[in-house]
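Next come the structures, one after another.
Next come two complexes built around chain A: one with chain B, the other with chain C.
Up next is the complex of A and B:
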């Protein structure tokens, strides 16, 4: 393989990696923050694709479809959260798996009923429908590069929101560990965090409450204090001693 | 008023009784057809088209096959090989069907064919193209109304070699149908003096083609041969055009590349040449009549799958006719089907010793969302049926 091809293949893999990041970030956020294993993530992805198709057919423009699609997706997500997922936060992962697997089947049938089983595509908007000549026979579609730029912008924005804003702090404060219990180290860290004192009331009250419960459930006060001193509580000895049964408790 | 209602009720009752009496009297003289096809999932559209085609022929034939009323037992096979044996057994032993018709997915069809062989039930495959079905696993009881993977690809190999194309790269999904297609192409193309410079595969049903397009651009072959189908094919063709390769390196493949997905490609498919046993723009009377009737019955245009379903019914009709309409005389039915000449919308065909159609393969070109016939590239092409002992 010549050097030009090598560079193009590198570009291909970066581009594909960014695309996978975009899809995977949703899954990770939902699992990491809400503690929900969403097997239907692929179905949500599919709904997005079909929304783009239906709205582009209706409005004649992909940009308009995206502008309309985002609030629609948000509304749909909020509805599902209210109707289904809200009941699952306190249950174990097996039940979440059961529900989200059921959703896959339901979404698939609904899609078949509503849009049919034919193959569809969305036309690339004119301003992106060009190619950059790379070698004498190969050119690179501008659309793919544009997608990569969108992915990078989203990645940076996501980092900024989660690490640098009040909203992000609330999200992190609500971040539960894999047993549906808050990580005491996060709670403590956030509690002591200067910016936190500026008053993210709800998250803080929640953190306080969880900390108290931790103490009640047998974490030795000294461990907790020790952790506050250490800041991040990274060592293995600091996990609060809990009976396995308690995992299931709210 | 009350009297009227009473009279009406009496009439309904009487009719119901008569109908019940008729149907019980005829129950033993019915032909029972087991349709085992995909009605959900990726291949749902194909399963429906096949069913439509089959029922269209039955209707044109006066609602009968071999002079008997037709009764259907329908199973959705979900294109799931894991459930195939159980589904086929259910149709054979519980429903006691006279003939099994199915299916689209080759993996499911292989399992069905085993049940058909073991239980000596007649089976007609209206799509699944695995070479083995009419190759090493052929059986007196198993017929096919569609094609073998080898057929359209072999014809393409011949045509490209004749055109003087020297170097070709191939790309396909790494599963049996894709590999059989490429092997059929390679056999004919290399026999004709061409050379396959590189075979590339990716796992089914991946659609990230960019690395392969880059590789093709660096190899610079005279042409590219691919097997893809459905949404994956639409994406490949679009990506191929977007990478600027379409203008410099022509793309060829069996007709599945551009069947039922041209709308999804936008204009990217325009001008592509593919080979298949059916095409748009055939001028035969039979095809015209078939297409008009289909559009009238189902309000959509027929495709190659509808034709294959239609021909499955024609083949069984020919067998039953030879047996005097009695599905129980299985040997006579099989003999009748073997010697039949089927007047198909695709053009007349006969069946090979291994029960696969001996048929013409068309070269087609995509012109404004249609696969328009250019010429017959391979007249009466017969699958070699390697490993079949019939």
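Up next is the complex of A and C:
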């Protein structure tokens, strides 16, 4: 294989990997944070692709299709959460598996009923419809590079939202700790602010502040409660958690 | 539901199934025979999923290994002896489950699901990509095993009615065997492992050995189902080991209600019957089936096994949980 085709293959795999990353990042939120095993996640990928096709055909422009498609996809996800997943949070994981398997069948068949079983393509907008000449015979489409850039931008934005914003902190705090309890629960229940977990007002802001402090310090919330019960009022709430290796050092 | 009513219900259902060959339609006999085979398969998986708490996503491997074993062990142009080839195929499945279990049982939860799937895929590609079992074309079983014992032949498996009753008897035996096992100290330990493995360990149980025993036993019974499947249809393909098959049997167990042997049988019946009936009604059978599955999860927590209890509570005017 010469260098140009190697480069093309590398770009292709990189671009496909980035797409898969986007799909997987959605699944890790659903499974990791919400605790729902969603077998139908691939169906959402399919629905997005078909939305792009249908809306592009209807409006004649991919940009308009994206602008319309994102709110539609959000509304669809919210509807499914309200209608189905909201009833499943406390159920056995395997019942979630069964339900989402049923969803796969339904989506697959609805797709076949509504759009048909033919293979479709989406027209590439003019400003991306070009290719970069690599050698005399080989070239690489600009559109694929643009997709990779979009994926990278989304990945960075996702990282920023999850790691650096208050919303992301709330999401991370919903993640289960090693005892299977949401981390946020310890802190919020601790002061009887449980009702305000998603509410507004002072109580939430206070809880937020504490949450942020503890997440920053890497402290386990249970330790905080333990200290309080023991009457340890003064000083910082907890010392930063040590790495286990540290203790072994002489 | 009290034990007596439950027993009567089960016996009536058994009698109804036993009447199927009276219809004389070989189509129905074969379909119901296949469902009974899947019922054995689902019960074997329920031992792991419903009673031991081990969600295996690679159970089709043992089904397929025994199916291939009977096709490969039988001579090309004459019938094998049932009493040799049946134990041989089932033992091969049990051996495979034992060896795989040694590895996969070191993991837990979602990782257990992934690792069992990985081993099943390995088994799938061994049969799919090597000349061992005829590659992706599969292999024919030209002659069904003969049941002769020193020249005396109690039944003939190439007769579809005999085959049907052979499968039915096997299913009842597997049911009784598993029900008995679950009453034994071994079975109680398995249920204990499901609810709290750490506590069982602190009580002094070597839970790994118990889980390995359950895994091997489930593999052997899954192998029995695979053996019956191969003999019933007379051919084997690598698709018997594919993850779709593992997924289908898992869905049967969940649909029927985990941790209930009769539920596993009901789940197998409901799942296969829905496929046949809906595919008969419309080209869009998946839509109906998906709708029914979603409705079952939303409105029948605990699966089909919970239905008799609900009916009873409704009749007595009690509160439905």
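Note that in this section the second predicted complex is superposed on the first by the 171 of 250 C-alpha atoms of A that agree within 3 Å, B and C clash if a C-alpha of one lies under 4 Å from a C-alpha of the other, contacts with A are read in each partner's own complex, and residues count from 1 in each chain.
Criterion: a residue touches a chain if its C-beta (ideal position, glycine included) is under 8 Å from a C-beta of that chain, and two chains touch if they have at least 3 such contacts.
Nothing here was measured: the structure is a model prediction, and the numbers come from that model.
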item: Touching partner for A:109 - first (chain B), second (chain C), both, neither; value: both
item: Chain B versus chain C as contact partner of A:28, first or second or both or neither; value: neither
item: First (chain B), second (chain C), both or neither touched by A:12; value: first
item: Greater residue coverage of chain A in the superposed arrangement, chain B or chain C; value: B
item: Touching partner for A:135 - first (chain B), second (chain C), both, neither; value: first
item: Partner chain(s) touched by A:94 [first = chain B, second = chain C, both, neither]; value: second
item: Partner chain(s) touched by A:59 [first = chain B, second = chain C, both, neither]; value: neither
item: Partner chain(s) touched by A:163 [first = chain B, second = chain C, both, neither]; value: neither
item: Set of chain A residues, in rising order, touched by both chain B and chain C; value: 108-109, 112
item: Residues of chain A touching chain B in the complex; value: 1-2, 4-5, 8-9, 12-13, 15-16, 108-109, 112, 116-121, 123-124, 131, 133, 135, 137-141, 143-144
item: Chain A contact footprint on chain C (complex, rising order); value: 49, 55, 247, 250-251, 254-255, 258, 284, 286-287, 289-294, 296-298, 301
item: Chain C contact footprint on chain A (complex, rising order); value: 84, 87-88, 91-92, 94-95, 97-99, 101-106, 108-110, 112-113
item: Residue ranges of chain B touching chain A (in the complex, touch as defined); value: 40-42, 44-45, 208, 210-211, 213-215, 217-218, 220, 230-231, 234-235, 238-239, 242-245, 248-249, 260-261, 263-266
